[in-house]
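Two complexes, one shared chain (chain A), two partners (chain B, chain C).
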Partner chain A sequence: MKKNRNYLFFITPAFILYTIFVALPIVIVMFLGFTDWSGMGEIHLVGIKNFVTIFTDKRFAPEFFNALKNNLKYLLCVWLIITPFQYLVAYLLFIKIPAHKYIKFMVFLPYVISTTIVSFFATLIFNPNIGFLNNFLGKIGMASGAWFGDPKWAFKLLILLILWQGSGSGIMIFYSNFMDISSDVMEASRIDGCTEWQRFLHILLPLSLPSCASNITMSTIWALAIFDMPFILGGINGGINGTLDFANLVFYRYTFGSGLNGKSDLGFGAAIVLIMFIVMMAVTLLQNKLLSKFEYDN
Partner chain B sequence: MSKNKSADFTTGNGEVLSTSGKLIRWICSIVLIIYSFITIFVLAITVMDSLKTQTDLVTNFVGLPKAVSFSSYAAVLGGGEFLRYFKNSVILTVCGTAGCIILSAMAAYGIARYKFKGKSFLTGYFMIGMMVPVQVSILPLFIILRNLGLLNKLLGLILVYISGISMSCLIFQKFFRTIPTALEESARLDGCHDLTVFFKIILPITKPVIFTMALITAIGEWNDFYMPMVLLGNKNVTTLTLAIYRYIGQFTRYMSESMAAVVITLIPIIAIYFAFSSQIVEGLTGGAVKG
Partner chain C sequence: MKRKLITMILTSALVLSLPIGGTVTLAAEDVSGTIVIWEHDYSFEDSLTELVAAFNEEYPDVSVEYEIKADGDYYSLLQTAIQSGSGPDLFWTNGTATTNMPDLVSNSACEDLTDKVDFSFISDSAMDLAKIDDGIYSVPWMTLDTRTVFYNKDMFEENGWTVPTTFDEFEKLLATIKEAGITPISLAHDSWSALFAFEPILAGYSPEYSAGLQDYTSKADGQEAREALQKMVDWAEAGYFGDNWTGVIDNQAQILAFTTGSTAMNIAGSWDAATISFNNPGLNYGAFAIPSEDGTTGLVGTAANGFSVNAASENMDAAIAFANFCASKEAQTIWVQSLGAVSGSEEIEASTDIAKEISESGSGTTYRSWQNVLSSYSSTGQASTVWDADFMKVFDGTLTVDEFMDEIAAEME
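Now for the complex of A and B:
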């Protein structure tokens, strides 16, 4: 460990760029939320007017809360479907089921494909007119569906797509957590004649929980920020009846698209982002509290 | 290290499994293999469809092409626009990744090797970027870039990409703490400047970590959709992901062309995945440091 000023050579360039393009924007957005700036001209401080509009405006509030509800619904799916699926597959890879190398390779592959291309694939399959799912259903004499145009299906299909594309990273993180568990413990459990189920319940599960917590925290933050896929598949208005509408899409619509008053309103957009951010923090805190209860004391 | 580990306690081997245990494993394996066929199926269909002519494609969406034709590729590449998008994506990814990796390695070295006031603050400060999704800061970024005159310019987005150092900075810090200081001390006694020591001695031993982190960063930037859409709205500075987004919007009209466009976009990323899948996984799970 050295004590001289040379560290400045190393840190300054990164510090300057990081401050301008990562840290400063966060501060600016907090300030903008309290203004009515349209992007040009003077900036007026308007207090909490934007927030009042968000919660009480007859047109906007239902739209925003529908989107937020979808976000939370999606988050529930992450917790109850996607994460358990990732954990299960990671465990299966860890116990080396037949063909595990091939499975590992294939399960992770969609992760490197961009969401745009995944959405393109979804169009190929689910397009009501030419997609091959309807084609196939027609051939075997079943009624075709509207899929992403059908409010009953759209959300479920989105979850399936995300499960297919996004679960790879989580699987790998859980898998590497399993691999990090000390071989002594594993050896001891084998000598003591642990059954597979006991080993999973009393060794693997508790030992992998702390690292699971950080993984779940990250996926929660990203779940609340979801944008790309619903935007590409459902359009800027969030699908039929707002089934694919998420908080981020609302933000995009009102900031960069046509706004509440027909003009783009950056102050209002910033206020939406702030609400989103607060929800994000609240959920993360709550979740960490919950997860720490299950944590194994050792 | 990780390879030895997996050999040490291969859970399946060395244990006598019951018949039912074996059966369950096989069933799980078969289910996952079938699941993986979705990926192969979709990729295969796209490649095959890209080799069909538009008329063939409309009548024969799933089957093999009647005759292999490169007309859709010719249509995509012919206008020269798509090649420009490709070039834009390459420039963005290469510059963004290179800058981000160099800056984060330097910052990580400064934090890991020096003692100074506010060091723990700085460590936390550099981690904020990981916890805050880009959507939160996109609006101010838009304003900042507009004021700098960099909106709708590649340079603007490159700067934003370079600033995304949080993740790699953390990984590099972990790695630098594992390098013994003796090496640098001797170089410093020979009168080398700290920066020379870093570039001549530290960076070469960091190569494997740099490589994995660069892969992860590059994949993220190559696939990025949101930031190019907001910060590069202009048609001349479109990236590949944006081009494909436009093709989805007019899918029925440009079917065969869009297939070819998707294949061209996928080729680099799939090739990299086949060549370096283990490094990508390591970089993602933080395994890069364990060596």
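Now for the complex of A and C:
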């Protein structure tokens, strides 16, 4: 009997495109990580020199690990602050607090503004010279601040800004999940005399765990790949005392900027990317293992 | 014998037809086609438009297109475009001041312009930006990119402050302005902005040291440089750059603080004059050089670099013709005057009052940039990188001045 291979017509175009634009670049980056290619001219293999530099160079290693530490700090904020905040707001919208429609609109609005524009707004507020905040504080007799130029404030303000700008999507995912829960179950719980707390604890929370998994996974990728906001708010060198330095900023500096030897170094940049790729894989695998407990069969 | 004679006559005729200096140029009517130019900043757009218009009067058959690539990653774009064979015919680089042009030259991406462009109008010091080994790879501009102290004339007059004539007077003026509740100097917390303040402070603090930078008899980490940097750190701690200046991370906010009258002075590049006038056309401001203790003044600065020719240009004749035009007195005058820049040539008069004031404030003395020494005399090639990465750490208290200067010394010849 002849096998039906029609499915090949469906998967082949996507397979070819995926191979060319995703798989192949990853393989090329892996290769470049072992070279000293500046982006022009001949490519020379240098073995594991780039990786040795990343871990042992007295200038680069502390910078890279400080940036990585900031990425992980941000990741912790995702788990402990941003996701719970998104969940709480989604729940308040779900139980229809007063003005919930207006709040829903206002919460989602910043999400459609690009991070570059949000960062520009932040500059207009927090910049000590041209910002609104210091002017306002001065007028009411309070002390002004350096804000993003103050190591005590810089990271906290960045998280606050991300919370304001980026939480809308997560809130909507949680909210949609709540709305997806059968009204029969909710109605039955009400008839059986459940309190609001009991309904939350025994019905909403367990049934919304899958959206928690999706939200946390997406936020984790975002946390490890953050670039634009700290770049605009703290500059290319990662803000004051490296408080706004993240792995992608380090990558940018050393690949396209002044870097190790004052010129572009795509080989070294590729090595940084490979290390970040491994870190991301490790964090995502670990996280998925934990989050798999959140999944359930309908 | 007859053939030999004819060959000699023809060769002599060819040699005699060359202009002095050996530059070979095609007649304007023989040059045609389209060339593309890349610039790196919008502030040069108007000047570029004027330049192209003047070039087209001479070369009407050449169509010149320009693109302003005002991104932080200009060099990456340029490198990628050249590598992929889609690079512009002419492009801006910072010449030998950074490693980008030498990098392009080592990859045979820049055309050697020796004997192809007439550089007779360009000064020797400006040509340093264009020369690598035995070749010439760009056409410098005769603008003097210097650093100056812009000051608010009205504010000075209202408060009875006068332009200082000694370094000590300058330091006392800072304290007086601070006591009056006004921020003395607008400065951004980034390495380049701080450098453009450090270099004129260093020139005022020790003119002898600054003069020695020209031939590197003054070392980059010399005692005077350490002391001048320490002075600047002390001024930062005294609030002379504003109480919250660490939060001002970009040059635009630095300029705005001055143009809106929040600060009395702004130590910055002379090229910022155009932005200051644009931001606040009504601002009555002037410029002075920080004086030394004996009252002498000088300007720290270099000429600016211009365009290089892509070695893979498909319209080499037109590209060379444009480069040759850029090197002419006519083009240099257009560039200097349309930018409102300080002139680096006695034959070109600055077009704005502020440019003339800056120029006069130096009393004819020009010092080499301290940062330029880092680029030119680093044994490891990394001194400039170390400076860029760590300069602000001195102001943040993460590094002491001596620790920073020791780092620099370790990278120098």
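Keep in mind that, in the parts below, the second predicted complex is superposed on the first by the 269 of 298 C-alpha atoms of A that agree within 3 Å, B and C clash if a C-alpha of one lies under 4 Å from a C-alpha of the other, contacts with A are read in each partner's own complex, and residues count from 1 in each chain.
One rule holds in what follows: a residue touches a chain if its C-beta (ideal position, glycine included) is under 8 Å from a C-beta of that chain, and two chains touch if they have at least 3 such contacts.
Quantities reported herein were computed from a predicted structural model and do not represent experimental measurements.
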In the overlaid three-chain picture, which partner chain does A:Phe251 touch, first (chain B) or second (chain C), both, or neither?
first
Once the structures are superposed on A, label A:Phe120 by its partner contacts, choosing first (chain B), second (chain C), both or neither.
first
Which partner chains sit in contact with A:Asp150 here, chain B, chain C, both or neither? Use first/second/both/neither.
second
Does chain B (first) or chain C (second) touch A:Ile216, or do both, or does neither?
neither
With both complexes overlaid on chain A, does A:Val112 touch chain B (first), chain C (second), both or neither?
first
Applying the touch criterion given at the start, work out whether A:Gly234 contacts chain B, chain C, both or neither, answering first, second, both or neither.
second
In the overlay, answer first, second, both or neither for which of chain B and chain C A:Gly39 touches.
both
Which partner reaches more residues of chain A, chain B or chain C?
B
Quick one: classify A:Arg59 as touching chain B (first), chain C (second), both or neither.
second
First (chain B), second (chain C), both or neither: which does A:Asn129 touch?
both
Residues of chain A contacting chain B in one complex and chain C in the other
39, 123, 127, 129-130, 256
Would you pull the chain C residues touching chain A in the complex into a rising list?
72-73, 75-76, 79-80, 82-83, 98-100, 103-104, 106-107, 109, 186, 189-191, 242-250, 253-254, 256-257, 260, 262, 381-382, 384-386, 388-389, 392-393, 396, 398
Taking the touch rule as given, give the residues of chain B at its contact with chain A in the complex, in rising order.
2, 5-6, 8-15, 21, 25-26, 28-29, 32-33, 35-36, 38-40, 42, 45-46, 58, 61-62, 103-104, 106-107, 109-111, 113-116, 122, 125-126, 128-129, 131-144, 159-160, 162-166, 169, 194-195, 198, 219, 222-226, 230, 241-242, 244-245, 247-248, 251-252, 255, 258, 262, 265-266, 269-270, 272-273, 277, 280-281, 284-287
Sort out for me which residues of chain A touch chain C in the complex.
38-41, 59, 63, 123, 126-130, 134, 144-150, 233-237, 239-241, 256, 258-264
Which residues of chain A touch chain B in their complex?
1-4, 6-11, 13-15, 17-18, 20-26, 28-29, 32, 39, 89, 92, 94-100, 102-103, 105-110, 112-117, 119-121, 123-125, 127, 129-130, 132, 135, 164, 169, 172-173, 175-176, 179, 183, 186-187, 190, 196, 221-222, 224-225, 227-228, 232, 248, 251, 255-256, 266, 269-270, 273, 276-277, 280
